[in-house]
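Letters A, B, C and D name the chains as they come in the text, with residue numbers starting at 1 for each one.
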Amino acid sequence: MKKLDRHQIAARVARDIPDGAYVNLGIGLPTLVANHIPKDREIVLHSENGILGLGPKPAAGTEDEDLIDAGKTPATALPGASYFHHADSFGMIRGGHIDICVLGAFQVAANGDIANWHTGEADAIPAVGGAMDLAAGAKQVFVTMEHLTKKGESKIVERCSYPLTGVRCVTRIYTDLAVIEVKADGLYLVEIVAEGLSFDELQRLNGVPLKYRAAA
Amino acid sequence: MIDKIFATPEAALADVPDGATVMIGGFGNAGMPSELIDCLIAQGAKELTVINNNAGNADAGLAALIGAGRVRKILCSFPRQADSWHFDKLYRAGKLELELVPQGTLAERIRAAGAGIGGFFTPTAFGTRLAEGKETRHINGRDYVLEHPIHADYALIKADRADRWGNLSYRKTARNFGPIMAAAAKCTVAQVRETVELGELDPESVVTPGIFVKRVVRLATLRKAP
Amino acid sequence: MKKLDRHQIAARVARDIPDGAYVNLGIGLPTLVANHIPKDREIVLHSENGILGLGPKPAAGTEDEDLIDAGKTPATALPGASYFHHADSFGMIRGGHIDICVLGAFQVAANGDIANWHTGEADAIPAVGGAMDLAAGAKQVFVTMEHLTKKGESKIVERCSYPLTGVRCVTRIYTDLAVIEVKADGLYLVEIVAEGLSFDELQRLNGVPLKYRAAA
Amino acid sequence: MIDKIFATPEAALADVPDGATVMIGGFGNAGMPSELIDCLIAQGAKELTVINNNAGNADAGLAALIGAGRVRKILCSFPRQADSWHFDKLYRAGKLELELVPQGTLAERIRAAGAGIGGFFTPTAFGTRLAEGKETRHINGRDYVLEHPIHADYALIKADRADRWGNLSYRKTARNFGPIMAAAAKCTVAQVRETVELGELDPESVVTPGIFVKRVVRLATLRKAP
């Protein structure tokens, strides 16, 4: 079987973002989604540090220390962009105005719980940033992650063992093996994305039972 | 491509159903989307719940909507005006329900809806008739009243300039309730003096980011409407 | 005895507003205070409909329908003014940033309660506006009113009979007879302003006992 | 006459006492008032409680304040950074208390302080470790956590332009926590790139009205400071 690489996962997520959507991309793999938005779609990117209408990375030498994204790296603003303060920015998130946020995760549970901020290790310095706000506030929460840990255990689980970021909030999971939809009655397979992977094998690797999704 | 500028006000208001909750911007006439309200009257939706600071002045705008018998309930801070005769008559006849809310509490409840806050403790109105029956709490030496958000199906607001993303700028004290109502409604319709190309509004001065606005109607279009 | 007229009451209030104060003036008599601010003091006027730095009335013919004050009459903005929306404006009030608000009143109680929004009549259409927010939020609440009702009863009372606007919030009362300070232990006379009025006579007219204020 | 522009940063920070609660603007380095922080280090106040989104980067600004041992407690959303070694060391040694707050809750708690809200219900963090021990409530089909305001004695923020009334404009994403911290502190000190005459800032574009600002220091003045 041939798993998707990070860029392929990002491209697969991008396919599902409709024209005109307001989207917040988390740090890491989610950020790559911006590179794969189809040219005929206009997507407005939100960054929680106070900008709507985030553009591509600036050319070398044109960075502005006052214009950064949530990952604290240099950014640009598109025509149509706007700036606002942190309370307004998180009001936008919490108030359900962001159509989709894309987050990385350590684990996702069958009920949509997500764990992505803390490994649970006693001596780890905790840091949460805006992850809990995005998990609780966005209309849809897409998770991107590798399907299995390095030890081969499923990151999709019956119940998260890591500390939670949010409860019952994940709507879709994009992994290097499959796209899975989280519904009230369980996990539905949307698509197997790893080449040569059968449903039975995916079912065996996945932590919890998967259902076939009825055709839309 | 995103283009929120509607060619006709009729299209922008066509789907307002009977029984809808509608926020209407403005403080007195400043920021009141009078032309959009006229379109709503022509559209015919009835049994509306309206949120505005006042209950209409004279015979135009919100007063006309009330006078036409389209409003079932109004949430406002100051209905009584020298020229609020349409409201006065229906209210006295028991045909119009009133929820009186202190002005700052009204603003904060609208803001809470847009910002995803489930409730908040305010010192305003503690110990008064307007807090009767409400939960109170003593926090850090002060008394507060628990208030809840006001959500709406539609917000009709008036702004100054807009682009096709729905970004809005306002003029002077006509800003008043526009920005918070825009965020509190499922569908915000803004009437604007003019529309400009994307990028013409200074991103530092956009007061309502386009994410809060679904439909934009130019005043010139409104004035041509029936 | 010679009572102060409305303009004289307003002028007396203005004397007590220090240079640099942020002030909200209610509708009616309080609005007149602006006309009496000493020329050597810079006072910033707030109007709850979203402006800080309110200027004088516009000249006839220069009115702008988008620039009004809380009384819905045409206004102007001074250099240094700023506009903001209603939630920000009332945040400013509720958050204790307004140094002084000046309100009219039907009654003020000895403990600082104020009644100014409702006569209590059953068929009256109630209207409150921003009065309760100002009463609860301003650092100091100055009340201006005639000392006595038309029937000669004191508007300063042991306990308000009209519905309350705010509790224990009034700090000073300016009437046509006297200036009175409201303290935790009662009412203190600051000054008799009606010509030819003795303390004993004022005490007789006033609804509740007055104390002499100790020299500052 | 109102003139909030201070001739020297030393004067603007002279009265910060030991044990003060100090908000410091900025998200990473954008909007971080680094030069003001350097002055605060020189001023010597210690046992400070600091509110910032982070816990300092590398050896400058907030990191230097922490490294100098002046901070007793920090409230932030994201202390852990590749270069947060000053925080990491003191935190691990048990010499620095941490209150971890989700970023949006941090912003809303600061906003609540400035706006006179005694507490509010937020959906953020419900069901997580960061809501443990906190009051929760089910409102209209959703679960919320009760959070309280964060007030401060001082706010040190960075803006772009100011006038003598203390009106402020910001630059791009350096705005971040500036406007809400300005309103939440008893004494807000703003370092600005430039000061302009009263009336030069467009009243539509003033982001922080002067009422929230007590002291303004020009960057040029700061750079001349020891």
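The rule is short, and it goes like this: contacts are C-beta pairs under 8 Å (C-beta built on N, C-alpha and C of every residue); 3 or more make two chains touch, one makes a residue touch a chain.
Since the model is a prediction, treat every value here as computed from it, not as a measurement.
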Where chain A and chain C are represented by their mean Cα positions, the distance between them in whole Å: 54
Centre-to-centre distance between chain D and chain A (centres being mean Cα positions), rounded to whole Å: 29
Chain centre separation (chain C, chain D; CA means) in Å: 34
In chain C, residues with contacts to at least two other chains: 51, 77, 83-84, 87, 90-91, 93-94, 137
Junction residues of chain B, two or more chains touched: 108, 111, 115-117, 122-123, 170-172, 203-204, 207
Arrangement of touching chains [line / ring / star / complete / other]: other
All pairs of touching chains, each written as two labels joined by a dash: A-B, A-D, B-C, B-D, C-D
Residues of chain D touching chain C in the complex: 1-2, 111, 113-117, 163-165, 167, 183, 197-199, 201, 203-204, 206, 209-212
Partner chain D, residues of chain C touching it in the complex: 19-20, 22, 42, 44, 46, 51-53, 77, 79-84, 87, 90-98, 137
Footprint of chain C on chain B - complex, ascending: 27-31, 53, 77-80, 84, 87-88, 91-92, 98, 100-108, 110-111, 122-130, 143, 170-180, 207
Chain B-facing residues of chain C, complex: 47-51, 64-69, 72, 75, 77, 83-87, 89-91, 93-94, 113, 118, 123, 125-133, 136-137, 163-167
Footprint of chain D on chain B - complex, ascending: 108, 112, 115-123, 137, 139-140, 142, 144, 148, 169-172, 202-205, 207
